[in-house]
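Before we start, here is the structure in question, set down as structure tokens.
The chains carry the letters A, B, C and D, assigned in the order they are written, with residues numbered from 1 in each.
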Amino acid sequence: MGNDSVKIGWIGIGRMGFEMAARLAKSGTDVTVWNRTRTKAEPLAQYGAKIADHLTDLASCDIVFCVVSTWDDVREVVAGPAGLLSGGGKVPRVVVECSSISLEGSAELRGLLARRGIELLAAPVSGNAKVIKAGRLSFVCSGPKTAFDAALPYLGKIAPAVTYVGEGELARIVKICHNVFLGVVTQSLAEITVLAQKAGVPRHAFLDFMNRSVMGSTFSRYKTPAFVNLDFRVTFTPKLLRKDMDLGLDAARRYDVPMPLASITRDVVQTLIGRGMDDEDFAKLLVLQAEASGLALEAENVPVDDGLG
Amino acid sequence: MGNDSVKIGWIGIGRMGFEMAARLAKSGTDVTVWNRTRTKAEPLAQYGAKIADHLTDLASCDIVFCVVSTWDDVREVVAGPAGLLSGGGKVPRVVVECSSISLEGSAELRGLLARRGIELLAAPVSGNAKVIKAGRLSFVCSGPKTAFDAALPYLGKIAPAVTYVGEGELARIVKICHNVFLGVVTQSLAEITVLAQKAGVPRHAFLDFMNRSVMGSTFSRYKTPAFVNLDFRVTFTPKLLRKDMDLGLDAARRYDVPMPLASITRDVVQTLIGRGMDDEDFAKLLVLQAEASGLALEAENVPVDDGLG
Amino acid sequence: MGNDSVKIGWIGIGRMGFEMAARLAKSGTDVTVWNRTRTKAEPLAQYGAKIADHLTDLASCDIVFCVVSTWDDVREVVAGPAGLLSGGGKVPRVVVECSSISLEGSAELRGLLARRGIELLAAPVSGNAKVIKAGRLSFVCSGPKTAFDAALPYLGKIAPAVTYVGEGELARIVKICHNVFLGVVTQSLAEITVLAQKAGVPRHAFLDFMNRSVMGSTFSRYKTPAFVNLDFRVTFTPKLLRKDMDLGLDAARRYDVPMPLASITRDVVQTLIGRGMDDEDFAKLLVLQAEASGLALEAENVPVDDGLG
Amino acid sequence: MGNDSVKIGWIGIGRMGFEMAARLAKSGTDVTVWNRTRTKAEPLAQYGAKIADHLTDLASCDIVFCVVSTWDDVREVVAGPAGLLSGGGKVPRVVVECSSISLEGSAELRGLLARRGIELLAAPVSGNAKVIKAGRLSFVCSGPKTAFDAALPYLGKIAPAVTYVGEGELARIVKICHNVFLGVVTQSLAEITVLAQKAGVPRHAFLDFMNRSVMGSTFSRYKTPAFVNLDFRVTFTPKLLRKDMDLGLDAARRYDVPMPLASITRDVVQTLIGRGMDDEDFAKLLVLQAEASGLALEAENVPVDDGLG
């Protein structure tokens, strides 16, 4: 399969999907995009992408990326009555599935594709739309090594970091571990930020140090505006975080792994939801922590960098 | 105070102190170094540093950095019978204290210096000797803003990141918060790394993804060799981590801040010590976690980058 | 239904079932007993019980108690090919189910019995064989109030304490809550017993006070021999406790209830299992706690009362 | 020392002290009582107690009980300018100290008394005023065995349960362990009571079962009115519980014992205080738990027994 002639299909132009497809198109790759709402895909034409009217139009592509929301959506676009495989003719060699679906969904999809001779590369990501735009996304992939090798050049055009972790649905469990860590890290940051503030350190000064210290991460930096200026516009809801914490704890049960920090964080996220604070971003863990500490938070109204340029 | 004529004194050439002083000397700064064991300081002469025989030789410097081990050492080198202030004549304008001393020690030092008209800048750091060498150290500073402004040009020659967080000993509490976070992050990494491994993902592959994800940090990268290849040579002992967790929990009591993740992590570190696993680096939290999960760890013997070049 | 003429059937003569049926028979109740291994039931004849050869012999009873092990056993003895309902003729009015089965199993049994016009009383218990013998058992019941009223006189002959908590499978969730509490209480007792011992208080003296204090319970008293003399013969395995903790945490998820103490205790029990200490009673939580505290436990070899006479 | 001629002194007639002294006086013991506010002691005269005007009047007693509030009060009544020892003549053989004072205070008192040849029996209690009245108090004692033997007949007239745990201040650490357990048990009861209620079980029915189960205790029974009918009149404040949890955690640090359940409970109690819910009894942990679970509690207004008659 020479790179020059490889045709890529793309399903799903949500906030993440758009930015990913845009990077791919800008790189000069031959990419054909389908989205339920066609108009949302059209701006990609300026970068050279072709816009498809039907999912079956992508069946002749070599590799098809799928970036939709839920497992139901994935099944619909792949195997539904008007889905990718509904045409009956040629099928892609590889499907790269980047949505946040469960291990069970991923395994079902793998079986379903295998019956048509298609390899599945499970390829969830770390990052949000802004991270993609900043060129800082990372992929974690699992499935046949051949599928990974075929997809790698295109993954690399979308994200600078691509890790292959093994066969089957292993990438899903890695993504779940990643999100469990994200929950724990956020709660710990909430604990120490409130402690520092009560001791007299402004949040922006505290987080400036943390972000520039050896402990700082892309994540800690892009959450800083939320922690400093109480901007809680949703990037990830408390309920979605709870779902991922529960998936992590379920996996921990299956593999006999005690995870005390994950368990406690899960209960704190549940408390956030129980207290009715689940209308905004999960970064409101800071507010819950402040209340538990007898502290009324106020926005510091200091311009802070999210580190994403 | 014109930069050209500013004279810097340096007390303490341990693993960290040497690298810090080396960076300062290489920058062309006029720096005079004293160390208990003179021979350890002598290699700095090649970078232009002068080597002092007596602490009193530094009394005529404008700014004196102090990087020793404990509060007892600090008191000895500053106010002991042969200490910095024992000569009775000219004294520095500012002392920059970078050791890991307590809030109480820091406050006592401040009072002691104030009586001689000297300003104290508390300036603990985030990083180890290798981080300094890689040019990635960060300072967090507190004390008089005038002292900070005077020291800033020299701090900046040692480390790319310098944050001023306010008056008094606030930098100490920030450093404690930093170390509490370090403990929580390490335990959470241990939990998810063991889960991923039991699910079938090699540790090096898992951590490669985490390190390159939005959650990755300089810290997670430089702890990767320990987690992958079970290299537990000491960088920070379990007992020192426990001490800092306890300082954090003490501060949390003082300021009425519940810190469940810090509390649980503290108990896990105590368990590591209670089980007799405190002879090596605190990264052995991974081993404790593996045992609790019925997993016998083996070194993967895969070359991994610590991210420090 | 006059008490005098009421006929009771009894299925299951395990360690618990035997003691329960014995109390009922001794009270002069007309009770017919079936057990897979007939010989284990025969000693009950001395108390006036009749021994049945076939489960169908119990179909003409008014109320049938079922005390077997698992949901599979329950289904077999009630609805299996040679089960209670296999005869096709008269059926009991009420089945009282005392085994530790899940909410789902209980609901399935209820439906299965309802189709034959039989009411189900879910009636799990608190206590072990020795507790029954000491006349200290307690029942928690749910199902139709009519079924409860019919069974109450006979429940009261087995146990001094009978609580009705409502319709359906509510008694199951109460039993799960009870066992979650049992896990938390045991872990907390392990923590404080080890602390007291390390401070210099013998375990038997410490527990003597606790047992006689306002915090003492029948449970804390009958676990005292295990804690003092390290007698860890199984009464309840770590894996069974983990199962009940997980059922509790699952219910907590369903009802949006954070349970930090249950979560942490669950992870400690998992650690006990992961460390391979699940061969004996769950009271080995004391050993795990001692190890975590750097303490080598020894039996005190002091005669202690288990409070059960 | 023949029982018939033994004279007992009593210092402190607060809520607890009054009930304790009343039991002693009613038993026919020769007891002389002093209280800062004399009128509060006078009702004891009806039971045969003598009322003293001055603390020095008790110096000629053989054994003096001390039941005041704080260590400052203890020091004042024993060694203050008008205290028990201020007369200079005869002194008691034994002081029995029942207040909730720290290990350090207890040790200081021991030294202070030893210098006058007086033995100290540390004798904190489990129970409140109503428990004493119901004849259900328990003592835990430490100090010289001779002092214990001398005091035992009188301790036994006050409380049915008396445990000797060893030399020195060991009884203090046992009392702290007891109170740590009380905190953990209350939080666990709050967790499962809210879970049971959300599943459909009224609190009074749930606690009726728990109280009568093997897990039930005098404590769980006398807290039931608070949990069922939301009667949160203070018996023990959140801040006092936090203090005792902290004393327990401090002891755990000293003796290298990790106590995860105690740590988490401590943080929950801190949250109760941080949320401003520390105006009433610590049983408001139930309210905090309900809020975290999205449940608005209402009093069930069901008459429930507190088990104390």
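Convention: a contact is a pair of C-beta atoms (placed from the backbone, for glycine too) under 8 Å apart; a residue touches a chain by one contact, two chains touch by 3 or more.
Everything numeric in this text was worked out from a predicted model, so none of it was measured.
Trainee: Would you kindly state whether over half or under half of the residue numbers at the subunit B/subunit C interface are used by both copies, giving same or different?
Mentor: Since more than half of the residue numbers are used by both chains, the interface counts as same.
Trainee: Approximately how many whole Å separate the CA-defined centres of subunit A and subunit B?
Mentor: One centre to the other, that is 34 Å.
Trainee: Report the inter-centroid distance (CA atoms only) between subunit A and subunit D in whole Å.
Mentor: 55
Trainee: What residues in subunit B touch two or more of the other chains?
Mentor: Those would be 256-260, 264, 268, 270-271, 273-274, 292-294.
Trainee: Based on which chains are in contact, what kind of graph results: line, ring, star, complete or other?
Mentor: Per interface graph, the chains form a complete graph.
Trainee: What part of subunit A is in contact with subunit C in the complex they form?
Mentor: Listed in rising order, the residues are 246, 253, 256-260, 263-264, 266-268, 270-271, 273-274.
Trainee: In their complex, what parts of subunit A are in touch with subunit D?
Mentor: Per the touch definition, subunit A meets subunit D at residues 260, 264, 270-271, 273-276, 291-295.
Trainee: Can you check the complex and tell me which residues of subunit B touch subunit A?
Mentor: By the definition above, subunit B touches subunit A via 126-127, 131, 136, 138, 140, 160-161, 163-168, 170, 173-174, 177-178, 180-182, 184-185, 187-189, 191-196, 198-202, 205-206, 208-210, 212-220, 222, 248, 251-252, 255-262, 264-265, 268, 289, 292-294.
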